[in-house]
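Here's the structure we're looking at; comments come further down.
Each chain carries a letter (A, B, C and D) given by its place in the written order, and its residues are counted from 1.
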């Protein structure tokens, strides 16, 4: 299963094509739209999320709500395009407007301008922007529906915002509550603390990041492989997570904590009671590059939003003079968006692993094969 | 550039094929062997590292020390094979000997046995074993020689062993000293503390992990891309790192720390003085999925070795009765090996990114194109 | 460079995404539309080609007519969709209408129904249909513009229709005339003979195929590689050609004739006169899996259209009784469409080979590197 | 399933790695060696085939004759290496010896020298040589064993040598006889005629090519796909065939003949008698890019061997003066070798298609899934 995306931030639409879906998978468009709305939600978001109410339009690959086995293509229109058409249209437009030359630290602006031989960072940021992740949320939502048919679920929550950390560990069943919260946190007190932090940062023109935990429940053992390095499940999932804008770190299970402890406190002993099981899950569900049947546990670190209202020091590339970086967006934090995006990319990467192991051209075949796995 | 590896831990040899090398790259076999030796070094290693003194044999792709542009294949013989031939030979052998059925927590054993329909975990562990990384060290060492021709260097050191952490930050030039130390640490006092920890753990039959920092100096900006998620440099480098046995977390630049700080303390402001530069490098050299011209800084968390002399609780899969896990190896820690392996996989992944951007069939062309980059 | 396509024959649109285009390539939309129109032209076409006047809509990857280096996505709307919406829409629709159960020999119908677990071959043919090639013509037209910037041109003509064969050999410069002819043939007399044949076949409810020759002029030597089988230029170009609907054979240069002749009559001797050159081109411009600097010459055999007005014997899969195959389309021949499609897939595959060898992020870099090749 | 090969013609060994084999496939080494011997057989071969008696050495991926699911690596030693060591060794050697500068028409020599920046075509031909195909015969032989476990068989014969054509059509069961013949032809009279032709050409210092037919029996329908152009079975099989040295054309079923006939004489009508079947197989077993359950029929055209004893006109690249091309080899025809190689590449490409559709980690799973296909 492969997702190819296209589309600029203020262009006509984001476009995606998913190849490798089996036929006869029922597609729930409302659910995709719910995840698109969740990507736009969260305390600390700025103005744009109110302009766009993203919805998906499926263009091909589905008939009467069932997949055909052909490439599923979709669009998420940029409603803002009407306001930007004369500045960014594919056909002739006025590229002198809305130029961005005060390149923003923490963004692709400066490197992109040099690499792609541009003088206006708009030609870079339009694609480098995290708006692209709307297409990945669509892909992930469809992957989720494929996984759900097999009994596999992906969920998550925000573990910290800035230096406000929720220290608790939660059962998988509780995670879905997070989406009812303004910051997708599960500890109400910590969440109120985090909101205060964001209010303060907003007043100061500053921004915050956070830590997000993603979990997968119900996946059988043996996905990924120990036989070639490029097929290891942890490599693939963590690579997917690191491909999301603003993510600077990722860990599985105990993660960095595991590096500090002695082996006897880390490894999950094995028991048998009709089936094999563990009493602990420090491995985060992955051993030897394969799912081991326990919950998959991943955590990612998101850096603070790099566009600050107070403006960072930079250079204007039109004259190489010192300048204050432009404030293209005004979010203070986007941890909720990141949480949804990370669920999405994990779901998609997993669905790809599942479909590689199972093969199968139609959902009947896929289900039969999944159920036959030991 | 692509590295495909093969070979079991006690089989005849590890085999690797590198595709995509340009012609006329000078190969220094002694240097490859030095890295192979370093992979086997380090305080806390057990007996096997003394049996094998790994050396590489180049089989194809090189003539008179220069690459031909054809696939470079190589072997690293397993000297131990003579002792194992009758147990593991491809042709008929005695598979009743040296069976491993007390599957080891933290390893591929149990999952692998179910996935590949085996009754003896030897059929899994022989390939899942980290011995496979010797082939990746060869690949990485050759990639390093390609990078070095362009002025790019990869180095690193051990930042922590168990709970003993070196808190200092070092200039790139100092990192090479680490290889003169028994534990590849740069702070002598901390290293002695770490050695004591390992002695204590060894006495207790326990093990340790650690944190490794890898750095890349001299890479121009613009490697990787902000244009499609699958081409982002951080996703690719971190995926490569997570594909190494025992690695449970990875971060770029400030990494998880970045999630705690406000934006104004994280993003690296931009200055101009004939060229663009930064005074800080919290981004770890990667912005927008591309190298930004600063040093690339990566850190990885290695879990403690999962084979403990004191034996973890597990199940004997031949009868599903409780058992103590087998002690196939007796290392207490393998942080030095991991340090070399991580340098190697980072070097290889980078060389691949470089060769994708530059193309080029011979080193003259490659150099000319690299030098022409802005 | 990679082209991913999606879209069903009577669905909303065909969608394509091209990844790997450098920035700053000027896109000529009118030229793309001209090739789309040519794909729909030609003597012997049925009714649908009059309903649809295909035009491309670029959605992303281009601003002010210049590529951005980001994925270029595009749509070709199916104007016929309005008439089919209630039968094929992704959302709820009436799948009882317009079922096709009298599966057509020579099509994907029967195999597809079994593979994708369907009862209605409409769920197969909508994607298997050659309408999908409109997206490949767009991709090929853009690839052509990339190649043209380097001085490389792709052209071709129809060499035979049914048993009417044009025996002449033409200079590259004459090939473009073919598009002014109703059947894209260059010999006027043979073309009139072919038209008569098609009139006769139409009266009989029968169909014809033909042979198409594609040529490439101006490509420097050394594209493709002799170093790994998967990188050979002939393998890649012929694979691309065989991926086009209805193509049953392909040959390079002398092709099947070469099998009959002695070596001394086949191999193109080499001369030098300031540069290397040949007096013959029996190799069709490819030796050792690489372009040798001569014109690339490819010929493909197209089978007759498998949907016959007179109806072939088949089975109705709804009851497994004998039946006459449905006549979904009424073209007698589609050799002109095939000619344009083959030019397109050859252009795209070549552009991919070129971009792999040159790398390069922007057209300035690409041009400089191409010009520097020996 | 993927085969990566390495190795030069006079180097130490050819090396191959097969990734993606399931575990528990029984490997018959003797059978692999039989195919290697067949590759070296045939009337019209020169001296080298007597020096080398190729045998495979399996290095990894197999234990006690059963695959492990890990990469299967192998070597085919070049016995001639001992005579060439001082000229081609990876380590220091004497590159002044045995230089080839009189570049041979029809080979990679001239293009390769320019592309890889060499002055001696030995650095090109050592890899471009068809000796590389020995590794593909090993890969294909193992793929065959995988296919055979599913009841799928690949066979073939030589249909023509030069202008001597066997006009008959044979049942699949008769094809295996061909390997008992000196030229792998099935018509004894035609074969004697072909031998005479080769004798005459040998006396004249000239060479011949021929046409080879490859057939596949027992493959269920639905391999390949009609849903994306890159997944079509005909594209993949024909691409594989065109990747073999000296092949200049390929066709499926009626192939080029189909272009001449009317549709009603070409398409294979469908009947039902408890199962679907055809009375003809003009499609050669592939419709809509998928196997349709009939025999797969492929034919390839091999050009005459380009190294002629009588020497073609060429240029000496050391001084750009006219010269007679060097006679590195002295075969008159190699149609038998090509026949075995083409069986091998078809088998491997098919096995890959099968493993993509079925997935599966062990042979039990693979068989169960194959048997469950409709």
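Side notes on the structure shown:
The working rule: contacts are C-beta pairs under 8 Å (C-beta built on N, C-alpha and C of every residue); 3 or more make two chains touch, one makes a residue touch a chain.
Remember, predicted model here, so these are calculated numbers, not experimental data.
Taking each chain's centre as the mean of its CA atoms, C is the chain most distant from chain B. The rotation that brings the Cα trace of chain B onto that of chain C spans 180°, given to the nearest 5.
Of the two chain pairs examined here, A-D and C-D, the one linked by more C-beta pairs in contact is C-D. Averaging C-alpha coordinates per chain places the centre of chain A 45 Å away from that of chain D.
For the pair chain A and chain C, the distance between C-alpha centroids works out to 37 Å. Each chain gets one centre point, the mean of its Cα atoms, and the points for chain C and chain D are 27 Å apart. Counting partner chains per residue, chain A shows two or more touched chains at residues 4-5, 19, 69-71, 115, 127, 222, 225, 227-228, 361, 365. Listing the residues of chain B that touch chain A in their complex gives 4-5, 103, 105-112, 114-115, 124, 127-128, 132, 136, 160, 162-163, 201, 204, 206-211, 221-222, 225-230, 232, 234-236, 238-240, 242-244, 247-256, 258-264, 266-272, 276, 278, 283-284, 287-293, 301-306, 308, 310, 312-315, 320-322, 345, 374. On the chain D side of its complex with chain A, the touching residues are 19, 69-71, 222, 225, 227-228, 355-361, 365, 368-369, 372.
Chain B makes touch with chain D in their complex at residues 4-8, 11-15, 17, 19, 23-24, 27, 29, 58-65, 68-73, 75, 88-93, 95, 115-118, 123, 126-127, 361-365.
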